[in-house]
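Working notes, structure below.
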């Protein structure tokens, strides 16, 4: 037991260290977002905002259209993530368990697609979307994000499905469950960590994507947050305060989601654990 | 199921479009003579400039004069390269959603070559260009045709701490050598951390700083006919050695090799530097008590020269033009907009908002100059242009700034850096650069 | 089943065994198997080429009977019905851009008001790359940077995952929330944040380094510090990705394996190294694979943080591609940069899959 307690202490210490390394830059961002323009460039910097002000937040939301961009980002990311998960869960299952020919080529092809540099895709995607009239729309961006994130999600989900004992589904089959139901009610709950991981990564990928959003949606009312942030300031000024205020707001939803659904998140990561 | 089916249905037209798209996206350009009526709605795409909301103020004034035209301002990403990327994609993708856009002073030849900007000479009276200084309007030409109309100007200036010079009873330096010496004196007295800050990072701005300093020393980087590199000269070597000397003597902070305009300005407004090279906005910002710790203590002067050369050193030309999307379906309205924006009323509005006008009459207006020391200084200084009339200037500039920056950061010795720059520039001139 | 390690990666590099890694449900074998209740099977495409011999030459096809039963074909159809919608969306959106981009890299491209016009066939753009010092430098930098950061992230990420696994409970969920924040930050913004912290005059890190060493460290001004500083910013942002994937992988491990090892008298370290690490192979493979992809395509960070400088010290292939395409407006050579980057990273990934598979396979054999 003593060993156990010592270990516990080390674990906590290590966790604290990790937390400090991760949190320090975030703290600095949040602290700087509360500083006035002069304090932002103070040398040496003030560790704590001496005259905390919400002026930067006011500028981000009132002077700039940051609220609109935020809503657009949420909409696009949520819909794209939902689509990606529903498409990849079935595709991943098929590629893990069902007797398909050419699985290896399919997996490699998916890999190839996801490694093609975005800079080379932006211009042709613009042509594509112009031809179907989906420039400056939500659906255009959602479709592109879905397509670009399915490969990763399939890879990760297939991997998790492979870790699930076959007996489970075989039992379901024996009981006469339909294939779709088997996947939905037997496989997916088992692979919750995988679904959770794929969901987080898809969501953040959509949430942070810049170049394609910039290219496809130029009208202000369809712009997403990363693009909106690039509009702050002017050619020769980097308004760090406003950018950090907006950035602080942009990471809050994620933090809140994870905290609110803390139990679901943790059970998502643990409940599916296969006890052999 | 329904979600999947919907997604699959969505994808069908995409696939068909992909097949139909093929390689050449042949969307016909607007017939240059048929410009359409001078009315309707147009979209103007530009990076924010001037004080907050200036573009909209200009539009409001325009719409008052021309109620039959409505203009929508669309803010561009505040990074010049990013803005150029979106424009290229849009225009070469055949989109006419942007009618008129602000284009950097160094873009006309490049955009002209790629047909991303509409030639304007057919549509504007011949005497239109007389409103500009000749040197400025020349920079908007590509193959003898103007492809852009100068909107606002910019120039490099030397900003200095009046209070510190007074305290040490020193004059505003007229040469770079004197500047370094003055700075050192003030630094040694403990009155400022650094002597000089400018834009020496690895980007276009270093080409600007370099062009100014070499021009002051009598050097240049590319021959007039864009045939050969003239990087490896004694004049240029003198400048590079001097720049490195400023770093060695700690007159310039070693961080200067990562400074762009915002960083150098921030250092200066915090009171950490005696001298500062920046564009025209530097004066207003460093004298603005809301953001500057040295407000009211900042003077403006033309750039220094080198010992034995003519004073003052020339300023690099900066600023932005108006350019027309060849796919615009409202060229008539756009032309009206351009004429107004480059006319007396708009140009005066710019000057009153601390943005340098391009039109000679407004630039030289004594009354405006009395209220604005920057305008007065801008009208005086000699100007030097970057070799941007060469369509592949972007590669030439890369050859300049990346090698100079590498040398300033201590990676390569000056001689080798100039030679490498020349190799790169020559390849660019021959069209063999990546 | 309990002592059978979960199997891992699709054996892309190892060839066709992906056909059946031994995971495919052995529907065909199952004597008491009811037929699936129709429905979805009819939605899908009919399985093509049913006459081909199944299994392929891979060594793991031993579980399969030599011929496909009717039932098995039915399941294959079901498989396609499941897989096709996703694959179709991916292809519909990406096929044209990729083909177009490769075509651009192989022809003379004119960017003009009439759009891109491609003419002729040329390998000149690739020749330009190979002859360019700038491209070679970007390539070397990108490869070394990718290896360096991915290795660092892999080690740190695994350690963090192990710590979190032990932490358990409330602590873990708070840590998870915290870890997700850097990852969820817009790259351009996190790059701005680091640029702000590294700033040579008023950066907090510069000030901190001054108070520690007495001399301010210039993080971005000179070559090697700039590369290291960029890597640190990158590791800060992307290690959580690795940590979370590995943590999820750890959670999926059967607990009795570790317990069995412990009962056998193995220490915690040995148990981890010899038993759990090999079992983590699938999770690690995916984490590394996708980190390689992202690191190889790194763009936003150097774009904002260093502009590729000082000199050309931090110019990555993606940044180079962007400059060639959108600064120089040379779409042919730009597309060649992109396509060659894709080809190189594909080779890298396949090599990695092969190497990682066989190496961990040995570990496994030794256990």
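The first chain written gets the first letter, and so on, giving A, B and C; residue counts start at 1 in each chain.
Quick note on the criterion: contacts are C-beta pairs under 8 Å (C-beta built on N, C-alpha and C of every residue); 3 or more make two chains touch, one makes a residue touch a chain.
This one's a predicted model, so the numbers in the text were calculated from it and none came from an experiment.
Distance from the centre of chain C peaks at B, each centre being the average of the chain's Cα atoms. Should one ask which of B-C and A-C has more C-beta pairs in contact, the pair is A-C.
Averaged C-alpha coordinates put the centre of chain A at 37 Å from the centre of chain B.
Centre-to-centre spacing of chain B and chain C amounts to 39 Å, using the average Cα coordinate of each chain.
Our note on geometry: chain A versus chain C, Cα centroid distance of 15 Å, whole angstroms.
The multi-chain contact residues of chain C, meaning those touching 2 or more other chains, are 84-85, 89, 92-93, 96, 100, 115-116, 201-202, 322, 325-326. Residue positions 4, 7, 10-11, 14, 17-18, 21, 25, 85, 88, 92-94, 266-267, 270, 272 of chain B are each in touch with at least two other chains.
Within chain A, contacts with two or more other chains are made by residues 41-43, 83, 87, 90, 123, 127-128, 143, 146, 180, 230, 238. On the chain B side of its complex with chain C, the touching residues are 4-5, 7-8, 10-12, 14-15, 17-19, 21, 23-29, 81, 84-85, 88, 91-94, 110, 114-116, 118, 194, 201-203, 253-260, 263, 266-267, 270, 272, 326-327, 392, 394-395, 398, 402-403, 405-412, 432-434. Interface of chain B with chain A (complex): residues 1, 3-4, 7, 10-11, 13-14, 17-18, 20-21, 25, 47-49, 52, 74-80, 82, 85-86, 88-90, 92-95, 97-98, 261-262, 265-267, 269-270, 272, 278-279, 281, 285, 290-293.
Every residue of chain A that touches chain C in the complex is listed here, in rising order: 7-8, 11-12, 14-15, 18-19, 21-23, 25-26, 28-29, 32, 41-45, 83, 87-88, 90-91, 93-104, 106-108, 110-121, 123-125, 127-128, 143-144, 146-148, 150-152, 154-156, 158-160, 162-163, 165-167, 169-170, 173-174, 176, 178-180, 183, 193-194, 196-197, 200-201, 204, 207-208, 210, 225-226, 229-230, 238, 240, 243-244, 246-247, 250-251, 254-255, 258-259, 262-263, 265-266, 269-270, 272-276.
Residues 84-85, 88-89, 91-93, 95-96, 100, 103, 107, 110-118, 128-129, 131-132, 134-135, 199-202, 206, 218, 220-223, 226, 306-313, 320, 322-330, 333, 337 of chain C are the ones touching chain B in the complex. Contact residues of chain A toward chain B in the complex are 36-38, 41-43, 63, 82-83, 86-87, 90, 122-123, 126-128, 130-132, 135-136, 139, 143, 146, 180, 214-215, 218-220, 227, 230-238.
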